[in-house]
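Chains here go by letter, A, B, C and D, matching the order in which they are written, and residues are numbered from 1 within each.
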Amino acid sequence: MVKVAVVGATGYVGQELFRLLSRHPQVEIVAATSESYQGQPLGQVYPGLGDYAPQVLLGLEDDRVMAAEVIFTALPHGAALEIAPGVLGRGKVLIDFGADFRLRDPASYATWYRHPHTERELLGQAVYGLPEVYRREIAGARLIANPGCYPTSAILGIRPLLVRGLIDPDSLIIDAKSGVSGAGRSLSLGVHFCEVNENFKAYSIAGTHRHTPEIEQELSVAAGRNVAVTFTPHLVPMTRGILSTIYAKLVEPVDAVRLNQLYREFYAGEKFVQVAGPGQLPQTKEVQGTNNCRLGTAVDERTGRVVVVSVIDNLVKGAAGQAVQNLNLVCGFPEARGLEFPTLYP
Amino acid sequence: MVKVAVVGATGYVGQELFRLLSRHPQVEIVAATSESYQGQPLGQVYPGLGDYAPQVLLGLEDDRVMAAEVIFTALPHGAALEIAPGVLGRGKVLIDFGADFRLRDPASYATWYRHPHTERELLGQAVYGLPEVYRREIAGARLIANPGCYPTSAILGIRPLLVRGLIDPDSLIIDAKSGVSGAGRSLSLGVHFCEVNENFKAYSIAGTHRHTPEIEQELSVAAGRNVAVTFTPHLVPMTRGILSTIYAKLVEPVDAVRLNQLYREFYAGEKFVQVAGPGQLPQTKEVQGTNNCRLGTAVDERTGRVVVVSVIDNLVKGAAGQAVQNLNLVCGFPEARGLEFPTLYP
Amino acid sequence: MVKVAVVGATGYVGQELFRLLSRHPQVEIVAATSESYQGQPLGQVYPGLGDYAPQVLLGLEDDRVMAAEVIFTALPHGAALEIAPGVLGRGKVLIDFGADFRLRDPASYATWYRHPHTERELLGQAVYGLPEVYRREIAGARLIANPGCYPTSAILGIRPLLVRGLIDPDSLIIDAKSGVSGAGRSLSLGVHFCEVNENFKAYSIAGTHRHTPEIEQELSVAAGRNVAVTFTPHLVPMTRGILSTIYAKLVEPVDAVRLNQLYREFYAGEKFVQVAGPGQLPQTKEVQGTNNCRLGTAVDERTGRVVVVSVIDNLVKGAAGQAVQNLNLVCGFPEARGLEFPTLYP
Amino acid sequence: MVKVAVVGATGYVGQELFRLLSRHPQVEIVAATSESYQGQPLGQVYPGLGDYAPQVLLGLEDDRVMAAEVIFTALPHGAALEIAPGVLGRGKVLIDFGADFRLRDPASYATWYRHPHTERELLGQAVYGLPEVYRREIAGARLIANPGCYPTSAILGIRPLLVRGLIDPDSLIIDAKSGVSGAGRSLSLGVHFCEVNENFKAYSIAGTHRHTPEIEQELSVAAGRNVAVTFTPHLVPMTRGILSTIYAKLVEPVDAVRLNQLYREFYAGEKFVQVAGPGQLPQTKEVQGTNNCRLGTAVDERTGRVVVVSVIDNLVKGAAGQAVQNLNLVCGFPEARGLEFPTLYP
């Protein structure tokens, strides 16, 4: 059993984390905080959590948070920078959902998040919490930067291509589509039902979205050289799910069956990454509510390009589920503990 | 551990039953059948079930079905009439999702389902599988008629009013709204995305929907006299969920707080029926994916009417979840076994 | 040609009014105001209006508004009370979308809108802008209170029953369902995409919604006696459309065909009210974007109740379209001018 | 006035054509056919068309079709091949929504549509009905192949890049997303509400979609050399709208403002192609129900790529509206006649 606290429990990621933790057999949730709903039980703010979340929401600074051994922070960017030293100083583990410890280069953080990085030493200790890449490092980490939702879907989809040297790294294009829950629970015209419903749009295109440097950092690691990508996010009129369509130029011809085979081998043994058969394509609803990433692969022989389709549930493998996977690694639990259940469909 | 079989596993109810049974700790699924997908693993038909449903789909008549102790039938109306004698004759338990054993009066069945009832003796043994009403009878039953989705939501919402004698039984109106999955996976213009999306309609109104006699039968039991209702189903452009808005004339004034209190007392101890506080109203999304029925109560003092709002997930408490609850009762398992998890939200 | 101004042009009702007025052959829009977008062309705020709305948005108090002969006000409740005296004092016509002049009883207004009615004399001159009821009065009016969306759908659906004396007026129940655009463009958690999508809920039930007194006022006129109703609004996960399901007790048996015939006769000659044939039911999408109200009628012989289904587009017949219809009457134009076009479907 | 007939009036494209033609001031619809609904008025099949479509649906072969001067065919691929000789032989104009006369190379048609091209002579006379490219040719044509929906959005978005020589033609990637109405009204599991709603998927990827050769044909014309593209269609859980995200490598650096300027100049004077300002991006809902194509342009300087976003309503500019535009050109009417109205929003 591990004692955990959730700081920022009433956003969509926070409550999703509760959904997962509340049925994790080796977790005890000792504290949950919320600025907006302090004093109410979480199960009242989200009636669907009900008795599974009886915890009364505390203030951010409440001492009881420190009774936990592992602390999750689901806060706006910049907030974890302030909390991290105290948490780590007391020997606890921090799993942060924000971007504060994702970019290894503090200058890049300052550029993209318009906020100087004030904890460079801690940054040096941080591990990027993508278990399929950094499983071993995560197991020994005290500070885990849980990846962004778009990066998770893109990196898992692209890595086999780069690691196996199949493509020209300069040719990568990521056309990603996300459900609205990725934008969080805050109010804005951009999440007004009537503005989103029966509508489809691109946003933050042409290298302006903050997930761009995070994606490029990890792809550069995979390629062993600097990689720059064109990343285009879109908003889909649905609540959950990300689908990334990935394009790259093959360095030499590979046939579709062989490519599929390579992907299957690459992810053999990975519980949460599944490769659809040749000619099959994953859909976002197939992973709704689960920690799965499903991949589909194809070759456009006429143009010499590979096309990869990668789907995740942005709130699970793209956020809360991946954090639980990281928790399991940190605590030495079986990696899939608390995450083994099928999709809610349809 | 109990061995079960699912006959008709590839409809929405069948696959939802798999979702639940596959993580039930005391269930072993020994057979699953499908007319359309025979020979394929269910987890391939529904990729979201994946490894949780490795069973290769059998033909309807496959002998392996009879290796089960409990058999679920999710088939078109009339089909269970043919299967039941064989199943029960071999000493097995049958939990049927259809209407074949729901109406105690075979003449009523013949009228509403345009099919003579050929198994009147078995009908006499059948128990209506609504645990909150027939818990004891279900525990000893061999043939359980799992209730319809609309009836479940209506009956649970109305019973306290009738049992406590608060209303005029002749004044009951049930205005119900359902997501599209209630119509099943078969193709028709009525479930074409473009015809449903951004649309709202009533259908089978003014006493013509087949769930009418089922609702009236159970309300008559609760009232101790014949009850006829006006029942109006509507189609909501969403996948899951039923909300029933129930109207009745109070026989004498009751204030809103007292009414709410009466409901809470009535359902005290019921795991799967929850009563929202005075002034609060349940929403369908609060029960998405769960076996919960949530009720809201109000009094319109100006007109002397009570208004009750009842929500369920039509595929869970309205079908597969309730069947698992019945299974637990039949097998002597804790009633909530395999059904204890929070809502998927948002 | 008539010169008009739109005060409050950037809400959903305001922009919908522009959509209609911009192609009305006898209308010149001389001014449009907006608090939030002052200085921008409306066609930039709503790119879909584009060149059809080149007007630069003015401040509320801008003098150019008074160059109009007819002024539409789409403002929060209470605001028209302040504007009306000036507008009418200058001999102009005011068509108000708010509730300030809908309730004939100023005390009722004060109770329901928590705001004293400060313009009782003007209230005496106001006409309720439902052309199918007050056509003649509207033609001579200077101050028109454009009806609410729910009331429009309910009143048109119920009037034949009351005027023809077919039902017990005390038995009326209105179960109404609305798309989200009825809530306007303001931000709130209740219109957040993720909270509405795949969700269905009731709200302001049991006689607490502000449209209740408006509905009752007009039904009382139709019945020639006081009528109190139970009115329950619900939110549908779609953008446009209202469907009201109306229940009442017949005073004596009427068969379904005869009832349908009575409705057809009642609305014979009405361009914008259409009665579906016996056994047919209207759907909201059938009126999307049009000024039509479509009605379906049925009799539940088992319970002696009539069931009427009434659908409108809440932004057209429920707001902007009806206002144009009123404008046509005031100006002596053909009543359907600018409103004659088929539905956008699907 | 021109007399027209619609062959295949009850699909989504056919009824949308009726919506537009019924208010076109210079069109008389003398015949409409339907295999499935023969003998019924179209306005009964689509109640939203109502009195605007009183025409009783005829059989496909009905002589009255030939009373028209212009005949629209909205039929499955292959059917126009059979009809065209008779229509043209009688001196009439044919505007075909299918693919039978879109591909100039009959061998390509045979490959992609698995059907030999039996009318090669007529094919030689056919004009590709994209007015922004072939305005002059259309004006004199007797046989017009109305473009596919995806090709319309892609070609209009890409042409300026190729015509101005800004990009490497071999680098083109088109990532397109369509609403469900593009799949037509036929039944299939792929358009079942529960399978589409809250779901997002790619389909027919990696050069396998039939619109690929059509896009490449027209881009090759623009480039003056053979162009092969990677085209990936996706299905969006909405009814109407296509958004294409287009990627290409710049041959030399162009800044974002200059690129935007080039697009504006390229489409100056085009009524139905609008270019959003630098930094602005179009959304599908902005063109709902209209014949507009809206374009957004951006430069990803880090990777040297241009990103263009192109949106249309697939049933209007992608089908019925473009056909009316072609009709106007053929008849010498003002090109925008019957198509001048703002968007239905929200």
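The rule we apply is simple: a contact is a pair of C-beta atoms (placed from the backbone, for glycine too) under 8 Å apart; a residue touches a chain by one contact, two chains touch by 3 or more.
All values reported here derive from a predicted model rather than from experimental measurement.
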Chains touching both chain A and chain D, listed by label: B, C
Identity of the chain that, by mean CA position, is farthest from chain A: C
Whole-Å gap between the CA centroids of chain B and chain D: 46
Inter-chain centre distance, chain C versus chain D - centres from mean C-alpha coordinates, in Å: 37
Chain centre separation in whole Å, for chain C relative to chain B (CA means): 39
Overlap residues in chain D, where contacts from two or more other chains coincide: 12, 181, 194, 197-198, 237-240, 282-283, 285, 288, 346
Contact footprint of chain B on chain C as seen in their complex: 170, 173, 175, 177, 179, 194-195, 197-203, 205-207, 228-230, 232, 234, 236-241, 243, 245, 247, 256, 281-285, 288, 296, 298-303, 305, 307, 309, 311, 346
Complex contact set, residues of chain A against chain C: 12, 180-181, 185, 187-189, 191-194, 196-198, 237-239
Touching residues (chain side chain B, partner chain A) in the complex: 12, 15-16, 18-19, 22-23, 46-50, 52-53, 181, 197-198, 239-240, 274, 276, 282-283, 285-290, 292, 294, 340-346
